[in-house]
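Input: a single structure, listed below in structure tokens.
Labels for the chains are A, B, C and D, by order of writing; each one numbers its residues from 1.
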Amino acid sequence: MKPLDYNQSEHEIQWCPGCGDFGILLAAKNAYANLGLKPENIVMVSGIGCSGKIPHYVKTYGFEGLHGRALPPAQAIKLVNNELEVVVFAGDGDGYGIGMGHFIHSMRRNMDMLYVVHNNQVYGLTKGQASPTTEVGAKTSSTPKGVIEAPINPLLLALSSNATWIGRGFAGDIKHLTSLIEQGIAHKGFALLDVFQPCVTYNKINTFQFFQQRVYKLEEEKAYDPTNKLMAFERMQEWGEKIPIGVLYKEDRPTYEDQLPQLASGPLIKQNPKRDISELLKAFA
Amino acid sequence: MKPLDYNQSEHEIQWCPGCGDFGILLAAKNAYANLGLKPENIVMVSGIGCSGKIPHYVKTYGFEGLHGRALPPAQAIKLVNNELEVVVFAGDGDGYGIGMGHFIHSMRRNMDMLYVVHNNQVYGLTKGQASPTTEVGAKTSSTPKGVIEAPINPLLLALSSNATWIGRGFAGDIKHLTSLIEQGIAHKGFALLDVFQPCVTYNKINTFQFFQQRVYKLEEEKAYDPTNKLMAFERMQEWGEKIPIGVLYKEDRPTYEDQLPQLASGPLIKQNPKRDISELLKAFA
Amino acid sequence: MKPNHLRWKIGGQAGYGIMSIGQTISRAFSRGGFFVVGYPEYPSLIRGGHNTTAVRISEDPVFSVDHKVEVLVALNKETVEVDLPEVIPGGAVIYDPSDYTEDPIKLRSDVLWVAIPMTQIVKEHTGERVMRNMIATGATMGLVHYPFERLETAIREGFAKKGEEVIAKNVEIARIGYETAKESAIAGKFPLTMTPVEKPRSHLFLGGNSAIALGALSAGVQFVAGYPMTPSSSILMDMAKVEQRYGVIFKQTEDELAAMNMICGAAFAGARALTATSGGGFSLMVEALGMAGIMELPVVVVEGQRPGPSTGLPTWTSQGDLLFVISASQGESPRLVLAPGDVNECYYETAKVFNLADKYQLPVILLMDKHIGETYVSVEPFDQNKVQIERGQLLSPEQASKMMQDKGWTQFKRHEVTDSGVSPRVIPGTPGSPYICSSYEHDETGWTTEESDKVKAQYDKRMRKLEGLLHDIPGPTWFGPEDAPLTVVCWGSTRTAALQAMEDLAADGIMLNVLHFTYLFPFKAAETITALQKTQQVLNVEGNATAQFAQLVRTHTGIEFEQHLLKYDGRPFFPEDIVNKVKDLLIKSK
Amino acid sequence: MKPNHLRWKIGGQAGYGIMSIGQTISRAFSRGGFFVVGYPEYPSLIRGGHNTTAVRISEDPVFSVDHKVEVLVALNKETVEVDLPEVIPGGAVIYDPSDYTEDPIKLRSDVLWVAIPMTQIVKEHTGERVMRNMIATGATMGLVHYPFERLETAIREGFAKKGEEVIAKNVEIARIGYETAKESAIAGKFPLTMTPVEKPRSHLFLGGNSAIALGALSAGVQFVAGYPMTPSSSILMDMAKVEQRYGVIFKQTEDELAAMNMICGAAFAGARALTATSGGGFSLMVEALGMAGIMELPVVVVEGQRPGPSTGLPTWTSQGDLLFVISASQGESPRLVLAPGDVNECYYETAKVFNLADKYQLPVILLMDKHIGETYVSVEPFDQNKVQIERGQLLSPEQASKMMQDKGWTQFKRHEVTDSGVSPRVIPGTPGSPYICSSYEHDETGWTTEESDKVKAQYDKRMRKLEGLLHDIPGPTWFGPEDAPLTVVCWGSTRTAALQAMEDLAADGIMLNVLHFTYLFPFKAAETITALQKTQQVLNVEGNATAQFAQLVRTHTGIEFEQHLLKYDGRPFFPEDIVNKVKDLLIKSK
């Protein structure tokens, strides 16, 4: 498979020219190709937002659900057919705002899927309101005097919630991002990949340039050990002149599905649903 | 004021005899009395669960809202009348399950209130299903073969979400719990107090005895510095033979309400709502 | 008092086994060939409060308990205070003298006071306090001269998992109750006897919630997600129990939002999926219900009604959510709404509507309530062979690729515009036909569209499904004599009380028939008009304050009911509610 | 073409200032004493797609744009492709010749093609590409010989905050457009002239969403919580802008669940509280809506409809949520539902329903839609003095303590059972009267109850409020001649198209009247029956597929409408939709 094979060719892509979402799209297709995944075995699940449109642009199965609710259907899809590769895409408002509850609970379950969050630190599709990752002081249409709430730290939340793979990428570095998506998919368990995705229209602070000047790659730092929780805890708080990208944390833990004896004989939907419940009926006799 | 002055005398309390909720009730009344709070200036807000019944049993203003939604009305009450003392009570299913989103977002806002979570590690009122804090392997009516999800760690989540005061108490140690509630109320900002609250009916693992044998008080440990985030991070993960209670973390950060110039002239509801919007109308002429 | 007809009620605090003992006594009689129906009432508390279970036992079919009993068992004083008026003259009250300093006979002299020193017996036999219910049950059997072995068998079955020691203790203590009652001077004065019938029937014995779970299992449900909520939690817990045995996945979720969105995902991926909740949880499912509509996903949602608004009365019953579930969610999307009328329908209709969900690719709402969900009755054993699994137009990979070839499609048209409104579907994993399943309005391939004609084509296509569906579902059902001067119209769980009232009134020589609706939306307007043309006078009976079903009928037929019997205090209809109202009406209309 | 009557439309990509230029040209004419109405259309995208703004300008009052224009401005080829059919014969198309290699005149020879080299002008004058719209606007003014100073003033006002340099550049470039058009050979052939009227009116110029925000501010709203959702976000953003100036707190929340629960908390604590959302967000508010009902909290919810189901068509319009909001939430709880018919009502009715919310202590749902929310019109300046703030039975501490004394209460009875169903309330901070405000069913003091009579008393009390409310709200409004042979029945935003159609038909000698409903629930059944008795033939016009309002009318009156004009493709009704349908009907009925 080549990245081009995943192209959804009939329609025009509807993001603003220069949007960071293009980088994520490209990296995803690269990663699928590198991993040799068949289009029909991938399900891309998303919520609503500029980010949420991504499944439209790739020739895989797609599920563009409700704003904030990408993870619940994704989990169910995985549970009923664990032969599928489930990749979930969300916005920062979508995934960390309205979808926060699902986010935390998904991580503790540790189902095998990759969760990519297009973190542009703004509500794009609704025209520029503050999101849960907007920085303090930032002036947006919903905070004309500046944000006064501390932004959330998705990586720290993931670390605190037993996510078993935690990464961060940058839509301006597609090669690196491709590799992260590949690793995230390959990881057995729940993988969170937060991606800096500049919104060229509504976020004039966290631009491509902003990140180009600040990001550095953890894998280039020999001493960094992503299996060390304490190290991860400290590094996840680094923000300012230098901002780390790469794999911040990983660990091995059995996945949810692997602990279900029901799946020993294969995916649920391949099992015959016709069953004899006579024994159960006896309990009511 | 004496604790008795807060008694809601006309009706019988409806918890199971021996329930940990009694300890929390007693400690709350003690704390109110110690702080000399007037009943009419306290609003106790709760969700739905055994825990949610607590505002019924105290002679303060009370708001027993929806399951999982204690925090949103509590925040609004504080915002429109910041002279009130807002104390919020939730269950672990209520506050950490269905209410997870509000929990995380409330902490980053840092409004001045105390959030007490009755953590009995089970769904009490609905008769014993697993909750987000139920331990792995525990057999409940919803997990007859044992829980296979990692429990959440509320303290770590709070630390990751910029809560400015994080404490843990035990309903079996009322004196200590009273002091924690006092400190939590006195703290300026959002205070999370997770309370081990044995459910004598549905949780046969995390009993009074279980905690009596394990808990130790952080304040008795000189070296422990609750302003040290790294220390807090490590200690919050301690679970097993020894479990810390007390104040695990605290910091100073301006509250949300203190950053609102609208409140400079006093609580919102004391301001005259009649206003002249002529100037605004001009913008549409 | 008729022999072999016993209405029995037990009352006491929560935590004293009021519900389980109701099951035990019911089983003892059911095994003796009797028909039984049992109805538990309890507050939203874990301990304390006033709990009761009423059981009606008869050699003839019975539908509903009522507010009269031949025997009342009072495990505490409160039961006497609250429930004494229900005892019919000549009836008996089994009570514990240790609850009283004075003889309670002065409370009512027209009933027999059967003193059974339960507390004392428990103490003497080193039993637990909770076992007083077993003594009382034994005493009941003694009083009506029912063979003790029947009770012993029921105890053995009920406690099978607890081991021989527990069984022995319970049997011992029940026997003491039995003997004490039988030998008491008063017992001789009590005229009612219960004798096992000749050919015992092989009844099942269960409530509507259990039947729903069984029906779903027979229908091949594969994925169940839910968040506990009274009165539907038991359906979820039943699934938790059997998931591994039957190849089902049960997922307890973080909230109802997740549950509903999950079953949508599961349905998209090809599984039969179900959730169960009550009105509050359903409120959180409303958004995803519309999503299931636009995505054309077959899902089944059990909505067990309890009185609202809001948290309301969690452990009581209601029929207050009808119009809500019919119009829930923004915009307009097709759905099927039905409310089973008895435990049999809970099983068979559940199994059936999984097929309808698949056939029309839309959500089904099974409107239950606490009353039908938890009232247990004896029914003919369910016949699994009657259940067919029909997945509708779900294409195999071969069928899909053939279809694409035949139609010359380069892209699979998941939402192809068809006459029936139904489009063949594929599931992820099918080669060659990846498509996007979207909550936006879309064209036939799933691609987002805002073009007027495409929007309208999809909207119409979806709504068109209701036409076929309307054709596939049955209209209302008649019970009773055709030419009755008065017709009770009712829906869902109210049927049981209506049928019982019909029988009770027949005994008084009053003729009545019942027109009952199980399928509620889409609405069978033509059939309803025809049916109502046959009526003389109509009494509409439903469990809400605004006569929601009557509104529905008027919306779709223009017909207005003039007489209503509405109840919204959390109690189900009891037959005598209807009996009294009917008598009133008939007097007035004379 | 009549002088001083201009229908104008501009089209181009998103991001090219299609919406803002509509405002500029509208302001230029409004200041010249004209009535204007402007309607923007855009897809759910940030950049790209096909965007238009249509503006109707007239010396007589106008209600609605329609699908005919005298002047079309095409900023790209797509506009010509899509919108050319709307230009009336003899009309003009202003276009950029750089978009075409061949002369577009062959596309239609019955219109004037006004070539304005916008791209070139922008380049020559170092303007930005987005300024092409300004050139086109200047050209329009030149074409119709409207004084350039009016446009200049409008530009100065519109760009006031951007500084002199930006203003100067825009004026310069607009003037070039103006001169180019005026001097072009073609211009002389265009017969339509627009001349400022003698006594300019001092109109406001705004859309329904802005009017709602203003109405709420006049009504003393103190707390606004919400989560952005098209088409209601602008109400929230307006509040964000002014919160500090006017002593309001605006809180953007994590989701709509929080928003609705927050305004309930704020109302409990005594603040006037509002949220604004669309159907999807409202779906998440459904549970707390019932809570507001049982807690008896006065809150105002703006629900801006867009087409569903589900995410649907985010930037388009709909009237599809009527039955949903009326029956939303489990159980039954009282509410007020209204849908303003024009921008004036958006202001005055919003201010008024805050009082009704307080008087009856219940939630109010203001049903808006994208069409009325974003279509801007010229209106008489709002008169703030007409707005009274009446908080209903909200007791001061003194009143509360007196009441407790007078009634001999030891505990405050927040939910006292009264004839009106309304109980005096206190807010936290009031000494002596702490009470529990609970989502459980409760007794008069707020204490949880499950007792049948108390439950019923509270349920009845709450529903009783609807009686007073029904009395306080107005019935439908008549427009047009009393004896018209045909009546258009409509509700909410459809009024504008209906009134415009009425005028347009009058010009053709066809008589029509309009019966419009702003207040929808509780339903004014008696007044509706009386009103409908006066009709000869009725055409029901509404923006959904299932004729929801007609269903409502039938439910409450039994009256069935025979003729419907339904639209559910996201577009609002245009006057000609109604005109055509009416002509059809009149031909048929002849």
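Methods note: a contact is a pair of C-beta atoms (placed from the backbone, for glycine too) under 8 Å apart; a residue touches a chain by one contact, two chains touch by 3 or more.
It should be emphasised that the depicted structure is a prediction, and the values quoted were computed from it without experimental measurement.
Judged by contacting C-beta pairs, the busier of the interfaces A-D and B-D is B-D. For B-C, the equivalent interface among the listed pairs B-D, A-D or A-C is A-D, as over half of the contact pairs agree by residue number. If each chain is reduced to the centroid of its CA atoms, subunit A and subunit B end up 31 Å from each other. Taking each chain's centre as the mean of its C-alpha atoms, subunit A lies 38 Å from subunit D.
Subunit C and subunit D have Cα centroids lying 44 Å from one another.
With centres set at the average Cα position, the gap from subunit B to subunit D is 42 Å.
The set of subunit D residues that touch two or more partner chains comprises 44, 244, 254-255, 280, 287, 291, 310-311, 438-440, 448. Counting partners per residue, subunit B has 48, 64, 66, 97-98, 100-101, 105, 132 as the residues that reach two or more other chains.
Touching subunit B in their complex are the following residues of subunit C: 15, 44-49, 227-230, 233, 236-237, 240-241, 244, 250, 252, 254-256, 280, 310-311.
On subunit B, the positions that touch subunit A within their shared complex are 97-101, 104-105, 108-110, 132, 148-153, 156-157, 159-162, 230, 233-234, 253, 256, 259.
Those residues of subunit C that touch subunit D in the complex are listed here as 43-44, 278-280, 282-284, 286-287, 290-291, 293-295, 305, 307-316, 318, 320-321, 323-324, 326-333, 438-441, 448, 450, 452-453, 455-456, 459-460, 463, 544-546, 551, 554-555, 558, 560, 568-571.
Looking at the complex, you find that subunit B touches subunit C at residues 12, 14-17, 48, 50, 64, 66-68, 97-98, 100, 123-127, 129-130, 132, 141-145, 201.
Residues 202-206, 210, 214, 217-223, 225, 242-244, 246-249, 251, 253-255, 257-259, 261-266, 268-273, 287-288, 291, 381-382, 384, 389, 411, 427-440, 446-448 of subunit C touch subunit A in their complex.
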